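Two complexes, one shared chain (chain A), two partners (chain B, chain C).
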Partner chain A sequence: MAVPRFWREIPNRYNLVGARCGNCNKILFPPRSICPFCRRMGKLEPYRLKRKGKVFSYTVVHVAAEGFEDQVPYVLAIIELEDGPSLTAQITDCNPDEVKIGDEVEMVFRRMGEESQDGVIYYGFKGRLIKP
Partner chain B sequence: MRDVAVIGVGLTKFGELWDVSFRELMMEAGARAIENSGIDGKQIGAMYVGNMSSGQFIRQEHISSIVADHAGLVPIPSTRVEGACASGGLALRQAIIDVGSGLHDIVVAAGIEKMTDVLAGVATGALATAADQEWEVFVGATFPGLYALMARRHMYEFGTTEEQMAAVAVKNHRNACFNTCAQYQMEITVDDVMKSPPVTLPLKLLDCSPITDGAACAILASAEKARKLTDTPVLVAGTGQASDAISLHSRTSLTSLQATIEAARKAYKMAGVKPDDIDLAEVHDCFTIAEIMAIEDLEFCKKGEGGKVTEQGETAIGGRIPVNTSGGLKGKGHPVGATGIAQVVEIVQQLRGEAGKRQVDGAEIGLAHNVGGSGGTAVVHVLRRGD
Partner chain C sequence: MDVGIVGYGVYIPRYRIRVDEIAKVWGENPERVKCGLLVEEKSVPGPDEDTATIAVEAARNAVKQAGIDPQDIGAIYIGSESHPYAVKPTATIVAEAIEATPDLTAADYEFACKAGTAAIQTCMGLVEAGMIKYGMAIGSDTAQGAPGDALEYTAAAGGGAFIVGKNGSETLAAIEGTYSYTTDTPDFWRRDMRPYPRHGGRFTGKPAYYKHVLSAANGLLRQLQLTPQDFAYAVFHQPNGKFPLHAAKELGFSREQAAPGLLTPTIGNTYSGSTMIGLAAVLDQAKPGDRLLAVSYGSGAGSDAFSIVVRDGIEDKRDAAPKVLDYVNQKVYIDYPIYAKFRRLLVK
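== the complex of A and B ==
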């Protein structure tokens, strides 16, 4: 990935910042330029999401995506955030067998991967199970 | 729009065709379709070529010109159409709109993907570009992974089992045994699927369609012209297309493809038919769960019962609604840009009564359902015998 392509997404990826529409109050993540509900009437402003959610679905990946080969098996999930929107993220710090739909998670800042030995290191968010 | 018919179809062998180039593949399917239609090339007014990613697979863009040139059809207008794995279905729809509008009387709808000129890892990476690079692939999503997320949720909401998903692969492999163009002419068992290596659980290797080289072609004509050219025209009764968010996390449901529901609604309405009227269907089974969701979204069964009806044999040849008689993407193979056209090749052969051992008796109306990516695009066609 070219450096600018990653760099320009850093504010959203590092801070879990989406958008909130001042017209319909919907919270959107990932960020968008246009509110899909209000379109030209929308007034999008940055919104920092609460870092809690629930597992909506998950899969245990054995054949990795490019660049994730050293992480298998890893858990990929769709997490429904408390604020409303959902996102795709890995579930970290767990045994892959223990994840269930409905589990509560907190979003934690993690290293995602790296370009090469001397390239960019990618960071972003993963989910971590909140154990009762 | 005036009525449009399919007057000829052609398909190459599907598989890992290391000795055949992109150009040779496309010419083989095209020549077969032309021969099948009984026309000569001079009557062709335009061409639409469905292709997902020649740039990534053979490092060649601008293939519309290559195809027209090698077919000896320059200077007719030739246009590449892209919608990930729905590229073929979209090319067909563009050709239908072209003929329907009256712009041209005879138009070619082709589809092709040459996927084995790169290593398997590169090919799966190329396919993943049909998903959201910034917010899905960036965090480690693979294409099978996205369908596995749908499968897990489907299991949670409706009690669908891994054995029911396996039953889709078993049926489609059985059908492929009767299709000489199919990549896998071999039967498998539920046990084989269950014991195959994990890809992204709950999906295992035999839940996944393969990487395939192949091309397909259909010749379209106005219905009026078609009746003069052939005794067995197949009419395009309905066409529907819809889009949805590219990423799963931005959708309203994980257990339905809204694009399929919307495209089907439009195609059924245009054709003036109900799901019950369909005699057979080719649906987009890129993964076994995808066929289960498709037959529900196309309303061949109630939501949540796709796994059960598959297990009970209702979608087998001889069953209530035969699905993927060609072997589907799973058994026949999935050269992504060709798939949407190949589905229509099968429907046309079935409606003409030319499907040999996989023939559905008395088939009058057939449906083809082609999906792009994880459901960001869907296109549905309803075809009916026109004799």
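== the complex of A and C ==
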């Protein structure tokens, strides 16, 4: 990922800032410039999504993506946020066998990777199970 | 002085390694180590955690507890000796992650383990002068001891964040005074580009830790004309379990006053987080009217002492975010190979 792109996306990567359409009230994440439901009628405004959601589906990754080799096996999940949108994120701080569909998660701030040893560090959101 | 604490928050990673596990690797007697340091286990950051992520979790907890608009925070200072970048502030990352940007001032602080309390003092000054409404002071670290060094048994990870504001209905505790004691004492250091610190062995005790901690505490007591009997709790920087208890005794505090703020036996030495987490643990259980003493220590060397009086507001606020003991008790043990992988000690 290029540094300028990471920088532009800091609000949504750090704080789950998406968009809300003033016309149809739908919440979009990641944010877009045009509402896919209302097209030209849409009125999009920045909207910070709540950091809570549920595991909709997940998979256990054994062959890691670049930069995640030290974390295998890890869980990659589709998380349905309380505000509606779904997103794909790693579930951190867990053993893969702890995760179940429907589990409640909170979105937390973690290191996502780095450009290189002397490159920029990328931060963003991961899910963490909320223990009852 | 008319400033106080509006909210506080902590974070401690969930992973722990026992002293026994580390001692096994280096052929040392674990009972001797545990008895010598009064430490049973220490916290270990996960592979995706660092000083910035720990600071963000603590800061978010503090904002939640304070119930303030983060846009009203006018200054953020973060003390650490393990900032993720050598050049590029941790404070901007945290400011962004709690949505305090862009109308604020921010900087990273360094003073071994006392940079977080130095940040509290800066915020006190800015608030008292009317330059800012709220200031946030954070101490956060992911400390590393060289493999096989005595520090490896204690070097841990954690952080605490305090929001300082003018005394009023929002403050959960008033800071009635602070006093610092500073000299040039080379008891512990890390040179640029070196991964691990070095220390002066025995030299770290008497002329370093004790001299500064005791002098700062006595200076504050003298300034405020208070005695140890006026305090419900006393918190000291805790590089191990033994030093703070011994310092308490020397000053005339009982074990009952010192024990509730002593976390090192179960989480290790969180460096810049140490005094901040100890103070938070005491605030988690103090009653309105209780007076607390907190004394940090940073090698190099200096100590900041604070006298804090708990106010009624604490009862309504302190359940809004996780407490120190919630984090202490939520733990997963790892063995040395996993620890070595998490701390990137393995060469591939």
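The rule is short, and it goes like this: the second predicted complex is superposed on the first by the 132 of 132 C-alpha atoms of A that agree within 3 Å, B and C clash if a C-alpha of one lies under 4 Å from a C-alpha of the other, contacts with A are read in each partner's own complex, and residues count from 1 in each chain.
One rule holds in what follows: contacts are C-beta pairs under 8 Å (C-beta built on N, C-alpha and C of every residue); 3 or more make two chains touch, one makes a residue touch a chain.
What you are looking at is a predicted structure, and each value in this text was computed from that prediction instead of being measured.
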The chain contacting more residues of chain A, comparing chain B with chain C, is B
Figure out whether A:Pro30 sits in contact with chain B (first) or chain C (second), or with both, or with neither.
first
So, does A:Leu76 touch the first partner chain B, the second partner chain C, both, or neither? first
If we overlay the two complexes on their shared chain A, which of chain B and chain C does A:Tyr123 touch? Say first, second, both or neither. second
- Message: Once chain A of both complexes is superposed, is A:Met112 in touch with chain B (first), chain C (second), both, or neither?
- Response: both
Field: First (chain B), second (chain C), both or neither touched by A:Ile10
entry: second
Query = Looking at the overlay, what does A:Lys131 touch: chain B (first), chain C (second), both, or neither?
reply = second
What is the contact status of A:Thr92 with respect to chain B (first) and chain C (second): first, second, both, or neither? second
Chain A residues where the chain B and chain C footprints coincide 71, 112, 126
Chain B residues touching chain A in their complex are 121, 124-125, 128, 134-142, 144-145, 148-153, 156, 197-203, 247-250, 254
Residue set of chain A touching chain B in the complex reads 9, 30, 56-66, 68, 71, 73-74, 76-78, 85-90, 101, 112, 122, 124, 126
The residues of chain A that touch chain C in their complex are 10, 14-15, 48, 70-71, 92-93, 108-112, 121, 123, 126, 131
Given the complex, residues on chain C that touch chain A span 14, 46-50, 52-53, 56-57, 60, 84-85, 93, 96-97, 99, 330, 341-342, 344
